[in-house]
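So, here's a batch of structures to check.
Common to both upcoming complexes is chain A, partnered first by chain B, then by chain C.
Up next is the complex of A and B:
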């Protein structure tokens, strides 16, 4: 069954293949184009370097008028990521625009990794360490980066 | 006709900065973090796919019918709408979006129709 949302997702996928942004990748799951699996590589020169983080993106038929639901499947330690992997990022909520596509979503999440907003903590421990004990924060991040490899 | 229908799950959520050339000029952004030069490559890539001939919402050329009309076989009825900001979209695509948020999705200005036609 082809709907506007599904056709838009096919276009997103084509663009992602033809013009892949650095450090992210994604593809629809084999039997459902509304559910995507994605991978974000931790940006170089950040504590997340060498991490390979899996995400799941769920779209509705209202896409692109409504944002998809995005969450980390890999364990994450980040001020703006909830324990269940949900992400607190404005463009996925109240500042969503229907002009965004999968590559814009993934590159935004990738840059959120090294630019957390400790004022809207989804993980209060991560937010506190980020502000008060950067060394300890980076240690915890290094641990989840290592874990991300084991669970590939 | 207000922002109130947009999901306001968490207004204080972290802000994606420097994602889009069009976002940086918004009023909201003035009080948000400044542009980070590090991400310039992303900005360049972004402007590539919102060239003026393509509807930035459904990603089909505005001269062709939008994805919805293609699906419903209503190619003839699909028209283009231009805003006061000079951005153009399929009228179908834009009329669905303004129900949620009456702003141009590219420049965030209040959406005012300048012209509808082919």
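Up next is the complex of A and C:
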């Protein structure tokens, strides 16, 4: 059955294939267009470089009028990512706009990696280390980057 | 039938059951109850209703002399009301419906509007909106205008506006047009935005997201973006015993008439001959 949400997700998918943004990829799961698997590559020249992080995106029939639910499946160490992988990012909550698409979501999360917002910490240890002990922070990040290769 | 009231006794038993629960189970029960309430609002209130005689409003204000006097006053000029669901999008939905209903019988205005709507997408893109997603909403918006042109049937329009997917796409596109107008004339509109927010920030938070309620600034921006005059008739607790009309823009001859009660917009239909 085609609904605006499903039609739009097909378009989002087509656009991601035809015009893929650097360092992110995503596709619907095999039997459910409302659930997507995505990968974000850690941006070069950041502590996340070389990490390959898996995410799951769950859409509802209200997409694109409401944001999807996005979370990291790979282990993450970041001030704005909760222990369960949930992401604290304004555009996925109160600053969502129906003009965003999957590519915009993934590239925003990608830039969040190196531009955390320590004022709304979802992981207080990561937020504290980011502000007070950058070296230790980067060590922890390097560890989850390495872990991310093992579970591909 | 009273549409806007939720059957309180239907939920009464559940309240008591929730009282007896603790912790996670209680949270889940509360969430489930909220969903049931949302679903009841959905079931009992279509996105746009049929038309009702004005005095249907009296049922909502029993024992309220201020409102009763004003509803009497309202009925001197207006014969019917068409209600919209109170979901934060009611201004855009009521406006969209009422205007397209008018276009069912006004071919000249329809062709003016269709041409303006056609080029509106490029205008939004030139203001910096992403072409890919704008195209998606614009296509649906144009399909609805084409439907009005090819099948000018009121029942079809009602069905279109009750189809949540299409109906919400129309609301989104009207929100985007409003946002575009605010940003295009940002120098002017920034004077009306409270606090330190920029026009762009205001648009991202208060205009583009679904379910954000509309204020005067939204109405002014949308009516000037479309070149469509709107009369809003205020039914509230204010003194004077009469409903107060306000036209946007001032001095226009309104093509759409809406009833405003605090927090909500519905569509009004004038008495024949007035």
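Definition applied: the second predicted complex is superposed on the first by the 152 of 152 C-alpha atoms of A that agree within 3 Å, B and C clash if a C-alpha of one lies under 4 Å from a C-alpha of the other, contacts with A are read in each partner's own complex, and residues count from 1 in each chain.
Here, a contact is a pair of C-beta atoms (placed from the backbone, for glycine too) under 8 Å apart; a residue touches a chain by one contact, two chains touch by 3 or more.
Keep in mind it's a predicted model, so treat the numbers as computed, not measured.
Colleague: So if we stack both complexes on chain A, do chain B and chain C clash, or do they fit?
Modeller: clash
Colleague: Thinking of the overlay built on chain A, is A:139 touched by chain B (first), by chain C (second), by both, or by neither?
Modeller: Touch status of A:139: no partner.
Colleague: More residues of chain A are touched by which chain, chain B or chain C?
Modeller: Comparing touch counts on chain A for chain B and chain C gives B.
Colleague: Taking the superposition on A as described, I'd like to know which of chain B and chain C A:104 touches: first, second, both or neither.
Modeller: It touches chain B and chain C both.
Colleague: After superposition on the shared chain, which partner residues are touched by A:95: those of chain B (first), chain C (second), both, or neither?
Modeller: It touches chain B and chain C both.
Colleague: Applying the document's definition of touch, where does A:11 land relative to chain B and chain C: first, second, both, or neither?
Modeller: It touches chain B and chain C both.
Colleague: Look at A:3 in the shared chain and tell me whether it touches chain B only, chain C only, both, or neither; answer first, second, both or neither.
Modeller: Both chain B and chain C are touched by A:3.
Colleague: Considering only the touch criterion stated at the top, classify A:61 as touching first (chain B), second (chain C), both, or neither.
Modeller: second
Colleague: Superposing the two structures on chain A, identify the stretch of chain C from 62-70, 98-106, 188-196 or 206-214 that clashes with chain B.
Modeller: Of the stretches 62-70, 98-106, 188-196 or 206-214 of chain C, only 206-214 runs into chain B after superposition.
Colleague: In the superposed view, which residues of chain A touch chain B and also chain C?
Modeller: After superposing on chain A, chain A residues 3-4, 8, 11, 15, 64-66, 94-99, 101, 104 contact both chain B and chain C.
Colleague: Can you list the chain C residues touching chain A in their complex?
Modeller: My answer: residues 129-130, 132-134, 136-137, 140, 165-166, 168-169, 172, 175-176, 204-205, 208-210.
Colleague: Contact residues on chain A for chain B in the complex?
Modeller: It comes out as residues 2-4, 7-8, 11-12, 15, 19, 21-22, 64-67, 79-80, 88-99, 101, 103-104, 107-108, 111-112, 115-117, 119-120.
Colleague: Under the stated contact criterion, what part of chain A meets chain C in this complex?
Modeller: 3-5, 8, 11, 15, 61-62, 64-66, 94-101, 104
Colleague: Provide the residue numbers of chain B that touch chain A in the complex, in ascending order.
Modeller: The contact residues of chain B facing chain A are 3, 6-20, 22-23, 28, 36, 39, 41-42, 45-46, 48-50, 56-60, 66-68, 70-71, 93, 96-97, 100, 105-106.
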